[in-house]
Amino acid sequence: MTPDELKAIVEGALFAAGRALSIEQLQALFEEGRAPDAGSLKAILAALADDYAGRGVQLQQVASGWRFQVRSDVGPWVSRLWEERPQRYSRALLETLALIAYRQPITRSEIEDIRGVSVSSQIVKTLLEREWIRVAGHKEVPGRPALFATTRSFLDDFNLQSLADLPALASIRDLDEIAADLDRKQ
Amino acid sequence: MTDTVPETTATAAPIAEDAPASLTAVARVKGELVTTLPDDLYIPPDALQVFLDTFEGPLDLLLYLIRAQNLDILDIPVAKITHQYLEYIEVMRALNFDLAAEYLLMAAWLGEIKSRLLLPRPKGPDGVEEVDPRAELIRRLQEYERFKRAAEQIDGLPCEGRDFFVAAAMAPDYRRPVEPPQVELRELLLALQDVLRRADLYESHQISKETLSMRERMSGILDRLRGGGFHPFVSLFVVEEGRLGVVVSFMAILELVKEGLIDLVQTESFADIHVRARIGDAQGNDLDLAELNDNEPEASGSEGAFDDA
Amino acid sequence: MTPDELKAIVEGALFAAGRALSIEQLQALFEEGRAPDAGSLKAILAALADDYAGRGVQLQQVASGWRFQVRSDVGPWVSRLWEERPQRYSRALLETLALIAYRQPITRSEIEDIRGVSVSSQIVKTLLEREWIRVAGHKEVPGRPALFATTRSFLDDFNLQSLADLPALASIRDLDEIAADLDRKQ
């Protein structure tokens, strides 16, 4: 086996593994009695590290051996690979938000009464985290349930000056008209 | 003997499909075929099961019989091949092999072809002779063989995870904040329309725009009263808002009283009326979230969400 | 951004992804309006392919885009990284796969007609789980049988850019021709 072939095997194994490989693990790639000794492997690793100097990936020695890793300064771009596409909010969440907007301050069980189904804690948590709703207080009834109201962020995010800008409940029947109206304003 | 059978299958010579098949030749030897099988294709009974397992069905077995004798599919002596095939089946049935239905079906078909070849070919209603009974068999053998070879070719392609590997390197740990979903007001209204339709609120309630302002004012008043303690009744009104504003505030207070959310207190007749929130202060994380919101630069200078009305 | 920086980003992303990336996916690494155009990216990819010529990994174009992969001649050594040796697929599975690849969209009973034997559910399940085939629709005949087609993963896993890269199917003579030949010989 030529030194170049040996280097290609080590290089290929490190990239195929996608993690760090120790000298022993690299030696295990070869048939018994045909593995290069630790010294030769270290020389190969040093040569590989040189080859990749200045490239987008680098050979790095870490606790468990050697591994190829992406150069850290390209991280901001590379990380976009895993950027989650913003998901959509569920219909249940939107309904809950709408009820809080129009009927605030309102308790969770009051929302459930109108929607006819229970409101998951996840939805309330998401709305609180998004800072569209807040706990305005607690109702003095058994259990002291939280009273939810919308926030200024909610108004900002929906381009409203105040809650009074929300279409009147009675007119929601004619939503198509409202939609057209909103389009015109934008 | 046993192990030569699959060996032979594997090394069957490729057909030169692009060579103009000289159909006059009775049997052409194409390529080197290493086979130790005798002419009568005798296989010891104890090897039959192994033999059968190496085939992917009756077409594969027939192809093997043809290839083992260096025959071209287009030139097969159907009578002879049929005879051999039926012999196998008979032996296997005699040995009580659990033969798949496909093998028996093929045996029946071959028997039919064989007998039809012995008879003069009848003419169809249009006076044209029916096609040779062997033609359909040849077509199916050809069709099967081309896919059998395609399968071998696919198996010969380098395959990820077997012959080559995708290269990967450790990615830097760099986290990027996830953008929350965007919602349009229209979506919100559509959701509301749905829930209202379900709740059948259209018929029983007629809620006006003013009522909405009142709801907003209710939240505003609750905000003002947050932190407990008594607040002068009059402090809840903003004279600059005019008559309508005062009426809305007044209705909001009445509604809050009705819902049991605030207390109105007057210590003696004609004394100042004081208002106190009956609702407990929000505490814990929920409150933190609300206050975090108030501290946002966009919300600077406001004590509550709706106080700038 | 310098051309070298751009190249390092593309290189880093391809290695970080560990799978093929399309031009569009590479463009999505950049902020809106700052992504290089398709032509520039292709030039970068060509330059990268040159850089890696003769190395243990190489840049390969497949159906879903470009990816780095370990040179196949070092495969035998690299495959020792994994305890389980990659299994070979059965002839039944390969024949079924071949029929789906060359005859797609095709139903199970159409496959059985050509093979002359029934296709086991296990084979179909394995092919679906391997994501080499998918249900492309249903045939509008009684029972509405599923129509199978191959996937992009199938092409990627066999180093193909499109179905046209599959080895050509052997030509056959049609029934009329066969019948005419048989008649002539009698």
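The first chain written gets the first letter, and so on, giving A, B and C; residue counts start at 1 in each chain.
Just so it is clear, a residue touches a chain if its C-beta (ideal position, glycine included) is under 8 Å from a C-beta of that chain, and two chains touch if they have at least 3 such contacts.
Here the structure is a predicted model, which is why all the values come from computation and not from measurement.
Ranked by distance of CA centroids from chain C, the top chain is A.
Summarising the inter-chain contacts, the pair of chains with the most C-beta pairs in contact is A-B.
Chain B has the Cα centre that lies closest to the mean of all protein Cα atoms in view. Centre to centre, using the average C-alpha position, chain A and chain C are separated by 30 Å. Between chain B and chain C the centroid-to-centroid distance comes to 18 Å (mean Cα coordinates, whole Å). Between the CA-based centres of chain A and chain B the separation comes to 23 Å, rounded to the whole angstrom. Along chain A, residues 12, 15-16, 18, 57, 68, 70-71, 74, 78, 80-81 each make contact with two or more other chains. Residues of chain B found to touch two or more other chains are 165-172. If you check the complex, the residues on chain A that touch chain B are 12, 15-16, 18-20, 57, 67-72, 74-76, 78-81, 83-84, 86-89, 91, 94-95, 97-99, 101-105, 114-116, 128-131, 134-141, 144, 146-147, 149-160, 162-164, 166-170, 172-173, 175, 178-179, 182.
Those residues of chain C that touch chain A in the shared complex are 5, 7-13, 15-18, 21, 25, 28-30, 51, 55-57, 68, 70-71, 73-75, 77-78, 80-81.
Those residues of chain B that touch chain C in the complex are listed here as 15, 17-18, 23-24, 56-60, 74, 100, 102, 106, 131-132, 134-136, 138-140, 142-155, 157-172.
Of all the residues in chain B, the ones that touch chain A in their complex are 165-176, 178-183, 185-196, 198-199, 201-202, 205-209, 211-213, 215-216, 218-219, 222-223, 226, 260-261, 277-282, 286-287, 289-290, 292-294, 296, 298-299, 302, 305-306, 308-309.
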